[in-house]
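In the two assemblies presented below, subunit A is common to both, partnered first by subunit B and then by subunit C.
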Partner chain A sequence: QKVSVEVLDHLEHLALVDFRDWEGVERLQKAIQFADQLHEVNTDGVEPMDSVLEDRWCLYLREDDVTEGNCTKELLENAREKVEEYFVAPPGNIPLPKLEERETFLQGS
Partner chain B sequence: AALKAVLRSQVSAALKEGRVTPTELCQRCLALIKSTKFLNAYITVAEDTALKQAEESEERYKRGQPLGILDGIPVAVKDNFNTAGIETTCASNMLKGYISPYNATVVQKLLDHGAVLLGKTNLDEFAMGSGSTDGVFGPVRNPWSYSKQYKEKSVPKSHSEDEESNWVITGGSSGGSAAAVSSFTCFAALGSDTGGSTRNPAAHCGVVGLKPTYGLISRHGLIPLVNSMDVPGILTRCVDDAAVLLGSLAGHDPKDSTTIQDDFKPFELPNLTDVSKLSIGIPKEYHALGLSSEILALWSKAADLFKNAGAKVVEVSLPHTCYSIVCYHVLCTAEVASNMARFDGLEYGHRSDMKDSTESMYAATRREGFNDVVRGRILSGNYFLLKQNYEKYFVKAQKVRRLIANDFVKVFRSGVDVLLTPTTLSDAAPYTEFIQEDNRTRSAQDDILTQAANMAGLPAISVPTALSERGLPVGLQFIGRSFQEKQLLTVAKWFEKQVQFPVIQLEEVKRHESGVFQHQKSASFS
Partner chain C sequence: LAPWIPVVGLEIHAQISSNSKLFSGSRVQFAAPPNSLVSFFDASLPGTLPVLNRRCVEAAVMTGLALNCSINKKSLFDRKHYFYADLPAGYQITQQRVPIAVNGSLSYSLCIDNKMSQMVTKTVRIKQIQLEQDSGKSLHDDTRCQTLVDLNRAGVGLMEVVMEPDMCCGEEAAAAVRELQLILQTLGSSQAVMAEGQLRVDANVSVHHPGEPYGVRTEVKNINSIRFLAKAVDYEIQRQIEELENGGTILNETRAFDSKLGCTVPMRDKEGKQDYRFMPEPNLPPLILYDAKSLPANMNHQQVINIDWIHERLPDLPSVKREKLVEQYGILPEHSFTLLNEDGLAEFFESVVKQTQMKPKKVIGWILNDLLSYLKQHSLTVKESPVSSFLLADLLNLLEKKEISSTAAKQVLAELWKGEGKTPLEIVKDQKLELLQDQKELEQICQAVIDGQENEVIMMVLG
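For the complex of A and B:
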């Protein structure tokens, strides 16, 4: 069962990573095929396991006290675009172009 | 011989007695790194800071106040650990030029113990891979490719074929660290282990690779791949050294809430002489498809070794082993999809010039920054996490994970102390052969013997066992009970003593020998 173009497009939007070409899509197809083997296993009555430490420890919350910080300068060092103490991003709220509107190999399939 | 000796008892003693100084040691290692540059084991060599650290160590020795046995000992760290002031790239374009503003907890601990940080080692991009071939700085070459032992056994097909085309991979993804330790440029190195990434290259490079129990060593500062499986790994030339490193690194870290709260007491390994009370389990499912007959024979021989020494050796079953790779595949890609979301170009790392919108900038940045392997895993992970797939794949895999972990619980509950398995399916492949298959296929094949220990969070160690017919190292793996590293390492140390794995004979290292030390057989600093 092949993955539909809609889903491929949806994945590119979610992941903000592109398949680049049909080879990339093939890779996904193979990955899904591989993962399908999981359905051979009988997991009736089995609880999903989040962490191997589930018995040993409960994820704890610490006190809401500030223990470190004041490192604005260091943290800004690695950002390429900044203004004063802000990271600068291009305008938001502009969705990526829809499939029909952009140049992608996924078109015409 | 100074570097080859590398016995903690020798080097540490020598440092203490002033027979060698930390700066001399550091300089020799740096020189050796330069002359073994062709291995491509290091991405960054922190020469200036290392020498400074060595000088500070020397001062402490002069005052008779060394910080401990690690004081002055040169170490290397895989390039997916944050190191303050030093570039941390994860062998990816995404982080080229990224200078960490902080030290990972394990790095800080090493420095607090006086270790000298020589540099950052090469890996597969973002630790995804089993060959250390898929990073932007190129592949790492296995030092054994240049060993007398390998050269003697390789028959050149023609006059023109030379070392250049014959070299073998280190395995991965911590190949740089393994190569660094194997070629004597450092005494210990940090790797990471999510599916076998420390044990696999350890086996291929003839060094000890320890994967500690999940939750024992802090992951703070280790750029995450799979939060529920990642652990920092330890690579050394002998088991005693691994115990020393473990002692300095383990313990609760308030900055990593997945570290257990129990007190950790560093330990020295006893010299086990009586193994009659030991029960060794041989999981039959680890006789995997593709396991070389050579390694099968060595595994069998090792089991006999224990039997003849009086230990109880039993065949056991871990029935869900065959599903561990598939299970890992789903859980890993899902967690990766989440973990890689932080790379958007805004706060650090590569940023695309695209300015049209936030989303298009993110997309372009990630397009430019990640290689095919990384992008492939992100996309697969996102697929498995889609609403319509979540139960079918992700939750299903989590259930299978419990079954795999339970397999181990049952076996250990039945009285088995330690499991003995092969680490890899074969000895190291030539690079030209390795790259014929794609990364995912390779990882799926190569991880089969190491992966389940990560699923179950158990400690595991690969110990160099013997040379293959091609003259390359083969390691065997011991898997222990949760948090029972002392028992695991004690057994590993006994085994190490029995097999007497040969020292690598490298031209480059010979040239750097001086008459300071007597030639020694073992190669540790402990």
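For the complex of A and C:
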């Protein structure tokens, strides 16, 4: 059962990954096959497990105090571009080029 | 032509009123220098982890209880993935599988035919309430073809309240949201001020013929006030009806409300159907809530949230407050509705009643007709009223003791609005508005008038 080109294209859009060449797609194929082994176990009526710690994994509740923030300068050090104290981003999401216009594996499939 | 049934559902995001954010310790504040209220976690720097704020959970439980929901003692957090510049992690932490509260209801009142005299009660089902993160803010700079991003809002706690499509028009949607707003403000779980983005509403609208399945629905966003909500919903219903009657089809799309033009327009940035790739949030275990029965013996109090404890401490909700006002003061339901609809008006009314001998049923007229209309004319809130409850009570006492007439009282009130610091009694004396009680004095005055107008009297006597 091969992964269809439509699914690969969909994944590239959603996750912005680039399968690049047939080796990349093969790797994905093998990963899916590996994970599919989970279906061999009958889990009818079994609640999904959140953690092997089960009840011992307690969610810690923090008090509603202000303890962080006020580090604008440090945060902006990571910005490639800034305007006053804002991060600068492109005007909207830049859409992935269409299938035909891409340089990598899926082009020409 | 077959009749159309409009169907309206709402998704409401209410910002939680808390000092710090949902999963981090940075401050929650409306106006602040850009990116000054941002922690490393909010900026999604690697190696940071979410830590749940107790106050946000309590706010959601209070709201769920007030809306008659079942509170899920075990709820889960998930990641909802999409790319946008104001969502630095590339996903939002939300509750998609098992939210904190489900299956509630909200009752609200409507006036029939715009007359305050007849009110009808409607109910809308609450599908669920979930905790989730707010995103940052994008400022679009079209001239320089860029977007400026401020993450101050990123990570602020939200309660998403999902209302089932039980409403049928803009008026119902507006009334339901107004009631929710009052409830949230009474609980204190959210200040719910729409103008500051603390309450955001998206409407889902569709139309169909009776007996047929529901039509394709559109989602309407960018609604900035309760008034615009009613307009946007009604416009969209009309648009869909006209489109279908002209043989067109409705696209399952997202539209934005343009308040200047009073219409909805398709939103540009939505590329096809979104696949959010929901997955459990691996850094957060299930949220466990307790009640009196299930309370664990040996746990640190600070780590335990007791639903029953919260339930016992819920304040009177607006609907209960209205009933109490009607019962206690003998006013009409429509009156108590208006009292609660204006911030501070109910307290003002009660304060006046305490300070005057005039019956509440008479006081209410002065509050709703005179005070409220004056405030509305000058766009003032009750808090900004130049006439205090003390002054008004003072005036009403003069009226009640028959020291002045009703007409005179209105004149005094008009003078009091000027806020010059005079007391009602001083104004009455200045303008000589006292009612004369002395019979002899009255006769003398009448006789003087007659004597001074001899000719007119003769004319009248002759017929």
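Worth a mention:
Here is the rule we go by: the second predicted complex is superposed on the first by the 88 of 109 C-alpha atoms of A that agree within 3 Å, B and C clash if a C-alpha of one lies under 4 Å from a C-alpha of the other, contacts with A are read in each partner's own complex, and residues count from 1 in each chain.
Here is the rule we go by: contacts are C-beta pairs under 8 Å (C-beta built on N, C-alpha and C of every residue); 3 or more make two chains touch, one makes a residue touch a chain.
Keep in mind that what you see is a predicted model, and the values were worked out from it rather than measured.
Contact with both subunit B and subunit C is seen for A:Asp50 once the two complexes are overlaid on the shared chain. Contacts of A:Gln37 after superposition on the shared chain: subunit B is touched, whereas subunit C is not. Ranked by how many residues of subunit A each touches, subunit B and subunit C are led by B. In the superposed pair of complexes, A:Thr72 makes contact with subunit C only, with no contact to subunit B. Contact with subunit C, but none with subunit B, is seen for A:Glu63 once the two complexes are overlaid on the shared chain. In the superposition on chain A, A:Glu84 contacts subunit C only, with no contact to subunit B.
In the superposed model, A:Val17 lies in contact with subunit B only, and not with subunit C. Shared interface residues of subunit A (contacting subunit B in one complex, subunit C in the other): 10, 14-16, 50-51, 53, 57, 59-60, 62, 71, 75, 78, 87, 89-92, 95.
Interface of subunit A with subunit B (complex): residues 3, 7, 10-12, 14-20, 24, 27-28, 30-32, 34-35, 37-41, 43, 46-53, 56-57, 59-60, 62, 71, 74-75, 77-81, 87, 89-92, 94-96.
Partner subunit C is touched in their complex by these residues of subunit A: 10, 14-16, 50-51, 53, 57-72, 75-76, 78, 83-93, 95. Residues 98-99, 101, 214-215, 228, 254, 257-258, 260-261, 320, 323, 326-327, 329-330, 333, 337, 344-349, 351, 354-363, 366-367, 370, 372, 375-376, 378-380, 382-384, 386, 392-393, 395-403, 405, 438, 440, 444, 455-457, 482 of subunit B are the ones touching subunit A in the complex. The touching residues of subunit C, when paired with subunit A in their complex, are 18-20, 24-27, 33-41, 43, 45, 51-57, 76, 81, 83-85, 138-142, 145-151, 269, 271, 275, 277, 280, 284-288, 302-303, 305.
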